[in-house]
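Two complexes follow with subunit A in common, the first pairing it with subunit B and the second with subunit C.
The block that comes next holds the complex of A and B.
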C-alpha cells in the first residue's frame, strides 16, 4: 500500500514539472498559434540562470526561491525580446512559418548557453529546508517532491484566476477562440500576443528553475523536454491549461507504474497515450473542435503551370545537374546525392502539406521505413540492390496507408501530432526490437551492387530516382487528383458538396507522399551503406519541415529551394566553430527577409529586377 | 582572439565550392581525418580534442613523423551517422587524409567502420565502446583504442564477485551500450560466482530517466547490490533521488564509467561513497609518463586532464607508432603496421593492438568513489590492464565474421 502511494506521489511530482513547461506552451499556442520549438530552450535557460543565482545565494530559503523567481522573470524578458524583434514581424506569414524562426532560436540558444555556462553538467544545491525525505507509511518521500506536488496545482489555480478574474485574462481566452474578432473589437493584438508569449516563457523558465534540486543542469535539457511537452499539450487539447495539467498527471503517473511492469516502455509511452487519445478524441481531452481555427487564412494563390521561360530554366538546371559529375570532384557528387535525397524528401512532404493541406511532424517515418526495407531486403532476404530498391517504396506505402487511415480523420496540428506519434512508435519499435532491426546499432553493409559502387554510377541512379520522383509529384500536383486535393485543402465543406470523397483523397495523398519519402529513404540507404533508427527520428522530420517552410510552402519550387539551401548551408557551416549560432542566425535572417519563404523572396526579387528594367 | 582568428580562418578555408585542393602543403604534412560529435556531446569531447591537440603539437615540435608534420582535419558530425559518413568521404577523397580516427557514439563508430571497409581506408575508433565494433561487426580496416564495454564490465564483475551480495538489480540506459553492459556483467559475474541472482532490471531512456520512479522500482526488489550503467545527467539524477530515498544505504553499488572525471566531477559533494567503479583518477596517477603528460596538459589548457584527454592523446600516439612502423602512409602498409602494433609508452602505460580482433589492450582504472578534501575522487584504485579482461586471441577471432 505504502509502496504504491509513494510511486503515485513520485509520479505527481514529475507531473508538476511537466505541467509547468506544458502550460506555457499551451498558452502561447492558444493565443498566437505559434508552435514554439524554442520552449525547451526557455526551460533550459531558466534552469541555468537559476543554477547561477541559487548557487550564489546558496543556503538561504529566501535566496533559493528568490533565485527561482528571478530566473523565471529573466526568461520572461528574453521571451519578450524574441517576440518583439522576431515573431511580431512574421505573424502574417503562412501558418506554421513562425516555427522556423523558433527553430533558429533553438540553435542560437544551444551555442549561447554552452558559451556562457560551459559544456560540463552542473549540479546545483538542494532546496534549503526541503533537502531530505519524510516517511509516509514508512516510505521515504523527498520533501521537495511534496513541494512540487503543491506548486503544480497552485500555478494552475493562479493561471485560472488570471484568465477568469482579470480583463487581460478574459481577452486572452477570447483570442484563443477567435482572435480576429478580438482584433475587430479594438483590442491591441500586438500587446496581447506579447503578454501571452512572456507568460509562456516565464512558466517555461519557472519549470526549468524548479528542476535545480532534482537534476544536473545540462545542454540536453532543451531537446529532451520539448517532445514530451508537446505531447502533454496535445493530449490536453491545444490552448487548454487545465487539459495540460490533466495530461501531465496522466502521463507521469502512468509512467511511474508502467516501468514496474515493463521497464523499457518509457521511450514510447507518451506517444502511445497521445495516439490513443487522438484516435478517441480528435481534439485532445479538453480541446474544442473550433479551437484550431481563427488563424488568418490567406486565400492561397492557385498553382500555375510553369511558363515557357521558367520551364527552360528548369530543364537547363536539371541538365547541368546531370552533367555535373563530369566536372566536379568525386566528393561533390556525394554531396549532390545528399542534396537530391533531401530534395525528394522535402518535395514529398510539401505534397502532403502544401498541396494536401496536411501538416506532418513525422514524415521521416516513411523515409525510414523505405531505408530499413531496402536494408533488410539486402541483408536478411538476400535480394540484390535493384529488387530491394523496387520493393522498399511499397513497404513505405503500406506504412503510410496504415497510419494515414488514422491521421486523415484529424486536422491541423492534431493531425500533425498524430503523424509524430506514428513516427515515434515506429522509431521505438525499431530501436527496441534488436533481433530484427539491429536496434540502435542499425543495419550495416547496405552498399550498392558491384556495378553501381562507383560514386559516379550511383550518382546517376540517385539522379534518375530522385528527379523522377520529384517529376512524378509535380505531375500529380497538376493532375485532376492534385486539383481535388487542393480543393479539399481550401474548403472541405465545398469539396464535399460537389461530391468529393474528401477523406479518401487525403488518404491517397498521404500515401503517395509517404511512398515517395520511402523512395528517398531507399536512395539514402544505399548511399550511406548503413541505416540507423535516426532515419525515423524526430530530428529528420523537423529538418524536412524546416526545408519546406523555409523554401516557401505556397510554391511547388519551394521545397526544392529549401532543401538545397538547407543541406548546402549545413554542410558549409558545420565546419566552423559556433556553427549552430551561425546557422540559427542565417535562418532568422532568411525568415525576416522573406516571410513567404525563399521561393516567395526569389519571386519578388525577379519581379523587382524585371520592374527595374522596364 | 585566437578563437576569432580560428573562426575567420575556418570560414575562409571552408568556402564550399572553392575546392582548391591544398596540394601545396600536402608535401610536408601527413593529413589525419578526424570526425566526432562535438556539438552533440561537448562535455566529453572538449577534453578529448584538447588531448589530441596536445599530442599533435608535441609530436610536431619534435620534428613530426617520417620527417613530416602531422595535420589533423577535425569535423563535427552533429551526432548523425549519415553526416559522419559524408564527412569521412570528404576527408579521404578531398582532403587527402591517410586514415580516419575519432567518433564517440557507438552507432556512428559502426557506420564509419562499415564505410572504412567499403572504401578501404584505416579507421581508428577512439571512443566508442560497443563490442560489435571489433567482434560481431569487426572488419579488416577498423581498430579500436578505448577499453570496450565487455572489458570494463569484466573488470567490475571481478570486484563484484568478491562481495557478499547474492541478489542484484541493474539499471542501464535503454540502448545498445546499456544492454551490452548489463549482459556482459551478468555473464562475467555468473561465471565467477554461479549463485548470484538478478532480481530486477530498469531501462530508463537515455538522458530522460524518471529517477524517482526508477529508484522506487529498484528499492522494491530489495537487492543486496546494484549494478549501474547510467551516466551523465541521468547519473546525477539517479544519485540524488537514490540517496534521498536511502536506496544506497547498506547496499553495494558497482557502477560503470562513474569514476571518469567527466561523470564524477559534476556530482560534487554529493558523490556517493564507496561505489566500485571504472574510471580515471587523473592527477593522482604518479608514473613518469603520466606526470609528463599531466604537466604539459595543465600548462597548455589550464585544467586537469579527463578521460577524453587520455583517449585523444593516446589516439595520436597510436597513429604515430603505426606511421613509424609502416614507414609509409598508404593503407596497406598501415594495416600491416596496425596488426600487433605496440605503443611502448603512454600516460596510462604500454599497450598494443591485438592482431586477432583489432582491440587495443589499453586498460582502465578500477577503484572506489569518495570525497578527498571535499572534491569527488577515486580512491583505492589500481590500473587494470586491458589484456587481462579480453578473451584469448583465438576465442576473439571466432567472434568476428569471416573476412
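The block that comes next holds the complex of A and C.
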C-alpha cells in the first residue's frame, strides 16, 4: 500500500516538472504556432543558472527560492532576445523552417552552455528546509517531491488566472483560437507574441531551475526533455495548458507504475501513449481542429522537366562521380559514399515533405530499420551481403507501411509528431532489446562480402544503389503518382473531387519514401561495418531536415545540393572546437537570409548567367 | 426518360442550425437547373451532401436509381458527377493545363503510374477542354497566378474532363465581371445542349439565372419554398417576400458566403 502510494507521489512530482516545461511549450505554440525545439535549451539554461545562483546564496531558504525565480526570469529575458532577433522573422515561414531554426538555437546554446559551465555534470545543493524525507505509510518520501506536487497545480492556477482575469490573458486565448481575429482587433501582435514567448521561456526556465535538487545538471538536459515535452503538449492538445497538465500527470503516473511491471518501458511509453491518443483523438485531448497548421504556405512553382543543357550537366556530374574513385584517395572515396547515402536519405525525405506535404520529424526510423535489417541479415541469419541488401529495404517498407497507416490520418504538426513518436518507439525498442539488437552496443562486423570489401568496389555498389534510388524518386516526382501526391498536398478537396483516394495515396507516398530511406540505411550499414541505435535517432532525422532546408525545399534538386553541402560542412566543421555553435549559426543564416536554400541561389545564378549572355 | 438525380427528404443540421430541411427534387437528363436562395440558405450544404462531402442526417440521393449516401466523393465522381466549388479548389503548384491533365489522368486510372511524365499525358485532350472554356492561351501559366474568374473557368474545364452525366456548380460566376458571367453561363448552356449533361448550379445574379435556367428551385433557411420556370418564380409572392422583404433584392453582386 505504502509502496504504491510512494510510486504515485513520485509520478506526481515528475508530472509537475514535466508540466512546467510543457505548459510553456504549449503556450508558445498556441500563440505563435512555432514548434520550439529550443524549449529544451531554456530548460537546461534555467537549471545551470539556478545552480550558480543557489550555490552562491547557499543555505538560506530565501536564497534558494530567490535563485530559482531569478534564474527563470533570466531565461525569460533570453527568450525575449531570441524572439526578437530570430523567431519574429519566421512566424510566416513553413513549419520546417521554424523547427530547423529553433534547432539551430539548440546547437548554439549547447556550446555556449559548455563554454560557461564546462562539460562536467554539476550536482546542485538540496533545497534548504526541504532536504529530508517524510515517512508516509512507512515509505520515505522526499519533502522536495511534495513541494513540487504542490507547485504544479499552483502554476496551473496562476496561468489560469492570468488567462481569464487579465486583458492580456484574454488576448492570448483569443490568439490561440483565432489568430486573424486578433489581427483584426488591431492589437499589437508583435507585443502579444513576444510576451507569450517570454512567459513560455520563463516556465521552461522555472522547470529547469526547480530540477537541480533532483538530478545532476548536464549538457544532455535539453534534448532529453524535449521529446517528452512535445509528447505532453501533443497529448494535451497543442495550445491547451490544462491539456498539458492532464497529459503530464497521465504520462508520469502511468510511467511510475509501468516501470514496476516492465522496467524497460519508460523510454517508449510516452510515445506509445501519444500514438494511441492521436489515433483516437487526432487533435489531442483538449485540442481543436484547425490547430494543426502554421501559417499558410505560398504556392510552389510548377515543376519543369529538365532541359537539354540541364540534362547534360547532370550526366557530366554523374560521370565525374563515377570516375572519381580512380583519381582520389581512399578516405575521399569513403566520404563520397557518405555523401551518396546522405543524398538518397535527403531526397527520400524531400519526396515525403516537399512532394507529399507530410512533414516528418522521424524519417531516420526507416533509414535505421533498413540498416538494422541488413546488419541482422548478415550477422544473425547468415544471409550474405546481396540477399541482405535486397531484403532490408522491404523491412523498411513494412515499417513505413505500418506507421504510415496511422500517420496519414493526421496532418500538419500532429502528423509530424506522430512520425517522431514512431521513430522514438523504434529507437527505444532497438535500444532496450539487448538480446535481439545488441542494444546500446549495436551490431558490429557488418562488412560487405569478400569481393566487395575494397573501398573502390563498395563505392560502385553504393553508386548503383544510391544513384538508382535518387533517379527512381525523381522519376516518381514527375510521374502521375508524384503529381497526384502534390495535388493532395495542394488541395485535398480537389484531389478527392477528381477521384483520388487521398489517404491511400499519401500512405503509398509515405511508404515509397520510407523504403528508399531504408535503402540508404542498407548502404550505410555495410559502409560503416556496424549499426547503432542512433541510426534511428532524432539527431539523424533532424540532419535530414537540415539537408532539405539547406538545399531548398521548393526544388527537386534541393535535397541533392543540401545533402552534399551538409556532409562537406559537417566533415570540415566537426574538426573545430565549438562546431555546434558554427553549425547552428550557419543554419540560422540560411533560414533568415536565404530561405530558398542553395537551389534558390543556383537558380538565381543560372538566370543571371543567361541574362548576361542575352 | 427517367431522372438523372432524385433527391428525397434531404436534411442536415449543424449544432442547432437546420442548414438543410427536408429537401426533395429531381434533375432530368439535359436539364439546366438553378438552385437559388439568400446567403446561408443551405445551397452549399446541399451540394456537399449530393456528392459525398457531407453525410446527411436523413434523406436519400439517387443517381440513375443508385443510392449515393455513404459513398465517398471520389467514387461519386467516378459514377459521373462533376463538381466546381464556391471557393475554388485547384492545384496551385501546377500549371493550368496540368490541372486538367490531373483529372484526365485520374479518369484514365493512371494515378499510380510511377514512370510516365505526367506533364506529357493527355495534352491534346486537356487542350481541347481548355479551348472549351477559352483558357487555352493561359495553359502554361502557373495556376497560382490566375485571376479569380479564370480559376472558375479552369474549374469548369476540370469538372468536364471525365464527361460527367451531372455537373454541380456552386456559384460558378462569383467574383467575375457581369459580362464574363453571361459569357460563362452561355458557354455552360451550350455544353448542356451539345453533350446532354445535366447541370445544377447556384447563382446570385438573377439575370444569369433567368436567362439560362430551364427550371429554378428556391431555397430559404434550408427549406425548398418554390420551384418553377423563370416567369413562375418571378411571380411567386413567397419568393418576392424572401428577396424583396429580406432587403437583399435580386442581388446583382454576389457576396461570397
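Just so it is clear, the second predicted complex is superposed on the first by the 594 of 614 C-alpha atoms of A that agree within 3 Å, B and C clash if a C-alpha of one lies under 4 Å from a C-alpha of the other, contacts with A are read in each partner's own complex, and residues count from 1 in each chain.
The rule we apply is simple: a contact is a pair of C-beta atoms (placed from the backbone, for glycine too) under 8 Å apart; a residue touches a chain by one contact, two chains touch by 3 or more.
Keep in mind it's a predicted model, so treat the numbers as computed, not measured.
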| item | value |
| --- | --- |
| First (subunit B), second (subunit C), both or neither touched by A:491 | second |
| Contacts of A:481 with subunit B and subunit C, given as first, second, both or neither | second |
| Per-residue touch tally on subunit A - higher for subunit B or for subunit C | B |
| First (subunit B), second (subunit C), both or neither touched by A:534 | first |
| Contacts of A:501 with subunit B and subunit C, given as first, second, both or neither | second |
| Subunit B and subunit C footprints on subunit A, overlapping residues | none |
| Subunit A - residues contacting subunit B, complex | 3, 6-7, 10-11, 13-14, 110, 114, 119-123, 126, 132-133, 140, 142, 145, 213-216, 218-221, 224, 252, 255-256, 259-260, 263-264, 266-267, 328-332, 334-335, 338, 431-432, 434, 439-442, 444-445, 447, 453, 524, 528-530, 532, 534-535, 539, 568, 570-572, 574-580 |
| Residue ranges of subunit B in contact with subunit A within the complex | 3, 6-7, 10-11, 13-17, 19, 39, 42-43, 46, 75-76, 78, 80-83, 85-86, 89-90, 93-94, 106-107, 110-111, 113-115, 117-118, 130, 132, 137, 174-176, 179, 201-205, 207-208, 210-214, 216-217, 220, 232-233, 236-237, 240-241, 244-246, 262, 265-268, 270 |
| Residue ranges of subunit C touching subunit A (in the complex, touch as defined) | 51, 53, 72-75, 77-78, 83, 85, 89-95, 98, 102-103, 105-107, 110-119, 121, 142-144, 158, 161-162 |
| Residue numbers on subunit A that touch subunit C, as the complex places them | 299-303, 305, 475-476, 478-484, 486-487, 489-491, 493-502, 505, 508 |
